[in-house]
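Across the two complexes that follow, subunit A remains constant while its partner is subunit B and subsequently subunit C.
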Partner chain A sequence: VKFKGFLTTTCAIVFGALVLAGTLFGHNADGTLSLLGELQQLILNVAVILAGFAVLVGILNLLLVHLKKVRLKQKGAGYSIILIVTLVATFLLGLLAHYIPMAASLFSDTFQFIQLPVEKSLMALLAVTLAYASMRLLRRNLSLVSVIFLVTALLIMAGMAPWPFLGDEPFLSGVIRPWMTRIPVVAGARGILLGVALGTLTTGLRILFGSDRPYGGKDG
Partner chain B sequence: MDEKANSPGEWAEMTFSMEAPDLLARPKPEPGMEKGAEKNIAPGDSENPEAEHPFQEKASSPEEIAPDHETSSRFENLIMEKKDPLAGLRGALPAGSQVGTQRRPPPYSTGLQVTEEQQRYAAYLERLMAGESKPAAAGTTRRSSNRWWRWLIAALLVLAVGLPFASGAQVAPAMSSSLDGGASATIIDGLSTNLPVLVAFDYEPALSGELEAVAAPVMDRLFIKGIPLALISTSPTGPALAERFVQDASLVNKQQNQGGVRYVNLGYLAGGPSGMSYFASSPTEAKPLSVDGDSAWTAGPLQGMRSLSSFAAIIILTDNADTGRSWIEQLGLHLGATPMLMIVSTQAAPMIQPYFDSAQIKGIVSGLPDARIYEQKYSLPGLALHYQNSYSVGMLVAEALIVAGAIWGVIARRREHRNDSRKGA
Partner chain C sequence: VTGILQGLVGLGIILLVAAIMVGMAALQRKSPASFRMIPAFTRLRSAAGRIVEGGTRLHVSLGHGMLTSPQSGASLAGLTLLGRLAELTSAGDQPPIATSGDAALAILSQDALQAGSQASVPGKYDPTTGRLTGLTPFSYAAGALPAILDENVSTNVLIGNFGPEVALLAEAAERKNSLSVAASDNITAQAVLFASAPEPLIGEELFAAGAYIEAGPLHAASLRVQDILRWLIIIITLVGALLKMGGFL
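Moving on, here comes the complex of A and B:
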């Protein structure tokens, strides 16, 4: 276990440092790639291949988990059978799509007439659910924060879309909404983005110094 | 200890049971004690103030504890020494365990002396405890009411959105100003028709309804100008969405777009930000083939392209602020003079706005209002026009429902609070 931790930590530090160096010193004065730049590209290429392979491993793992559920006749095994059948069928259609035109058409239809409508329907349900939740907010939690939240949401909604037959309401669309979206919203967004940037920088440095090991090891 | 309890354990069990203890029951005078009890502990008797205390046991007087005369004479008759040296003597103190063995203990009352009022309180407490142990009846009527409310709200929203769309009535007036002040339209108008534009389809199928309507007028403009496209995505469903978009006649004003001629679908780019970085530094190595398996960069629209700066423009379609941020950060160093534009959903716009304000992206098209402005500008009525009527009415109904719900919520809470106060009083 100790050797594994040492190996992963060393790999992370070395490859992280090489990619960072490649980003900073990747190009020569004439614009061509330096040795560090070429190393960076090689490492990124390997990372992309590994990431693509990880998707396949994830799908295989999903398949094995549901096969086990079916074999052990666990609760919800019926859904697992449906998942396995559809997964295998879609996978085969995807493979055959390059060689058989009918398979390509079926593969496209599978996406267009099953996945797309299902996901859109779930999103549409979210609109009703959010409206209902907003209606009940003050009933559940009558506090100053809830009132501010609700009033802000209403003002933004009112300023977002033109009113039927009236168009842009001058005060809401011309004053309130631009002010809210330009000043407090952008200020909040900038704050979040700066926080994300600082957090990313700190995490990168911690990984480079070996004090943070999300890939395994002592702190992993 | 209660006389029914034969052991301390039984007594404890009886004490902590949910039934009211016997001490709360009306005390029954014991035979032979009625007279004394009435005399000593009559409720309200001013000579016996202790009798008012509910848990005051009946006090025993010294006369009751002391042996009476008859008992004493019997004692004297029974105790007579028969052994030396006190043999024959009467009244001598008995030795050891014989002391008091002949004394009959006086009867003690174990009942509590309580008043009528206290008994009433005790009975009330007993009913209260019994009620606590019974499960409360489920509010079936209330749940049913909530369910109907939900159906009603859903029906109202569906009608508000569906009727304007189905009728085709023009209820939403024209919009006046876009988020980027027309910057993206100016850039697209100025694009060269010789160079391809890279378009990243990075949104989920769930939000395709909004994104397709927003992107349609921009993409339509590109197709009308005859600008070739390179399509790419970091989402596994992105290539299918991209293919659907360029082939869907309703989205691109019935134009026939032939793959490999008007556009090249580069497919899925794995690795997230790492993949973006690799693609930005070397696009030909990161995605050498199209989804059809053909060489993407040696023939067709991308022939001769080597880097991102060779593209006329980069357009990112996304519903996710993080994905948009990754594209901006990873591609920013490699763009050169190539402008980057973002077409985003309304929810992602606030997080992308700072990048437009700091000129890291050159244009931003967000939500149906911006798409409608695009359609107005080029007189290309499309999905945004139809959707915005529904959007306008639906938003108004949603606002009205939320306001009504909030007011009703406050009233209902106050009413509940008032009822609770009354019950407490």
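Moving on, here comes the complex of A and C:
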């Protein structure tokens, strides 16, 4: 177990350092890829292939989770049966699509007429959820920041679409909304993104130090 | 030549940050720093204790940030928090569960859960507790909903890269009267979580999780380094603005 931990940590540090070096010194003066750049590309390509295999493992895990639900007759087991049947059917259609044109058409129809409408419905549900959450915000957390958040959201929404019976409100759509989206919103967003970038930098460094080991190297 | 110069500047910044971090970690061991109180982490720590006592379950949702993308930072911060929370709650009757929208992240979450369970009861680990629930943002959210609603979850931690679909998860947690601590690196998701989650974490607070749940001295050192760098950026921005106003730039 200790050797496994040592091996995974060493791999993570070495490959992390190589990818970082490739990012910093990946190009020669004439714009072509340097040796470090080529090495970085190679490592990233291998990572993409591994990620592809990880999807297969993940889907197998999804299947196991739902088979367990059906076996133990847990709540929602009926939905799990539907998931398993559709998963197997889509997988088979995907395999057959390379050989049978009708299967290829069915395969693309599955996404166009089932997956997309279901995701669009969830998006519509999201709009209602957000409207409801905004209404509850003041009740749950009455503070100056919450009031500013809601007033800003309302002003930007009011400036985005024409008002019923009134049409465009030029002061909101031409002055307030552009000013808000150009100055305070951009300033706030940049501040937050700078903080996120600094956090990402220190997280990356902890992994390069071998201090954070989210890859099974903990016992080493 | 410009590219190499930029690379050297980048390397210099990284080495400087690394040196400050190591120095701060050594300082942290001698005199531990105290950080401002973030209510979400205080509630999360007490919730972890209640999970063990109450026989309920912890759910950590890690989002769908791919590890080969720039969003991996948020996912890795989520994995660190998952590992620590798994250790804290593994003595309970019901093991914690982790849901994610990226396959590699799901595999790593299984590793974190396994390490957490081995810390208390070796051999107790259940591989179905680390799950891939969907590969698109909405299918991921739809797949994670049953975990929140049907699996006796009392605390939800939504941490990682999400889009607006995270509101569906926060809303489900609210309906079950369970605590939800939520953080994302995505600006849209942060706005959505501010409205829908009772304990949202804003901006870099996402990366502070490790320091607040005592995941190690380097986490606390990271926070101090982030503060130093933030002040440096503020000074550079102000000096730059003044120079621009004075016509020197």
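Going forward, the second predicted complex is superposed on the first by the 183 of 220 C-alpha atoms of A that agree within 3 Å, B and C clash if a C-alpha of one lies under 4 Å from a C-alpha of the other, contacts with A are read in each partner's own complex, and residues count from 1 in each chain.
Here, a contact is a pair of C-beta atoms (placed from the backbone, for glycine too) under 8 Å apart; a residue touches a chain by one contact, two chains touch by 3 or more.
Keep in mind that what you see is a predicted model, and the values were worked out from it rather than measured.
Student: In the overlaid three-chain picture, which partner chain does A:154 touch, first (subunit B) or second (subunit C), both, or neither?
Tutor: It touches subunit B, and subunit C stays clear.
Student: Which holds for A:64: it touches subunit B only (first), subunit C only (second), both, or neither?
Tutor: second
Student: Now for A:164: first (subunit B), second (subunit C), both, or neither, which partner does it touch?
Tutor: first
Student: Name the contact category of A:143: first (subunit B only), second (subunit C only), both, or neither.
Tutor: neither
Student: Tell me the contact category for A:186 with respect to subunit B and subunit C: first, second, both or neither.
Tutor: first
Student: Touching A:214 in the superposition: subunit B (first), subunit C (second), both, neither?
Tutor: Once the two structures are laid over each other on A, A:214 reaches subunit C alone.
Student: Applying the document's definition of touch, where does A:45 land relative to subunit B and subunit C: first, second, both, or neither?
Tutor: First partner only.
Student: For A:134, decide between first (touching subunit B), second (touching subunit C), both and neither.
Tutor: After superposition on chain A, A:134 lies in contact with both partners, subunit B and subunit C.
Student: Is A:105 in contact with subunit B, with subunit C, with both, or with neither (first, second, both, neither)?
Tutor: The answer is neither, since A:105 touches no partner chain.
Student: State which residues of subunit A lie in both footprints, the one left by subunit B and the one left by subunit C.
Tutor: 23, 44, 47-48, 50-51, 55, 115, 119, 122-123, 132, 134, 137, 140, 189, 192-193, 196
Student: Quick check: in the complex, which residue numbers of subunit A touch subunit B?
Tutor: Result: residues 23, 26, 37, 40-41, 44-45, 47-52, 55, 98, 108, 111-112, 115-116, 119-120, 122-123, 127-128, 131-132, 134-140, 142, 150, 153-154, 157-158, 160-168, 181, 185-186, 188-190, 192-193, 196 of subunit A touch subunit B.
Student: Please name which positions on subunit A make contact with subunit C in the complex.
Tutor: Per the touch definition, subunit A meets subunit C at residues 20, 23-25, 27-29, 44, 47-48, 50-51, 54-59, 61-62, 64-65, 68, 74-76, 79, 115, 118-119, 122-123, 125-126, 129-130, 132-134, 137, 140-141, 149, 189, 191-196, 198-209, 211-212, 214-216, 218-219.
Student: Touching residues of subunit C toward subunit A in the complex: what are they?
Tutor: Those in contact with subunit A are residues 1, 3-4, 6-8, 10-11, 14, 17-18, 21, 66-68, 70, 73-74, 76-77, 79-80, 83, 103-104, 106-108, 110-112, 114-115, 118, 127-128, 130-133, 135-136, 138-139, 141-143, 146, 150, 164-165, 167-168, 170-171, 185, 187, 190-192, 194-196, 198, 202-204, 206-208, 210, 216, 218-219, 222, 225-226, 229-230, 233.
Student: Which of the residues in subunit B end up touching subunit A in this complex?
Tutor: Those in contact with subunit A are residues 149-150, 153-154, 157, 171-176, 204-209, 236-237, 240, 243-244, 268-272, 274-275, 277-278, 281-282, 285-286, 292-293, 325, 333, 346, 350-351, 353-354, 357, 367-369, 388-389, 391-393, 395-396, 398-399, 401-406, 408-410, 412-413.
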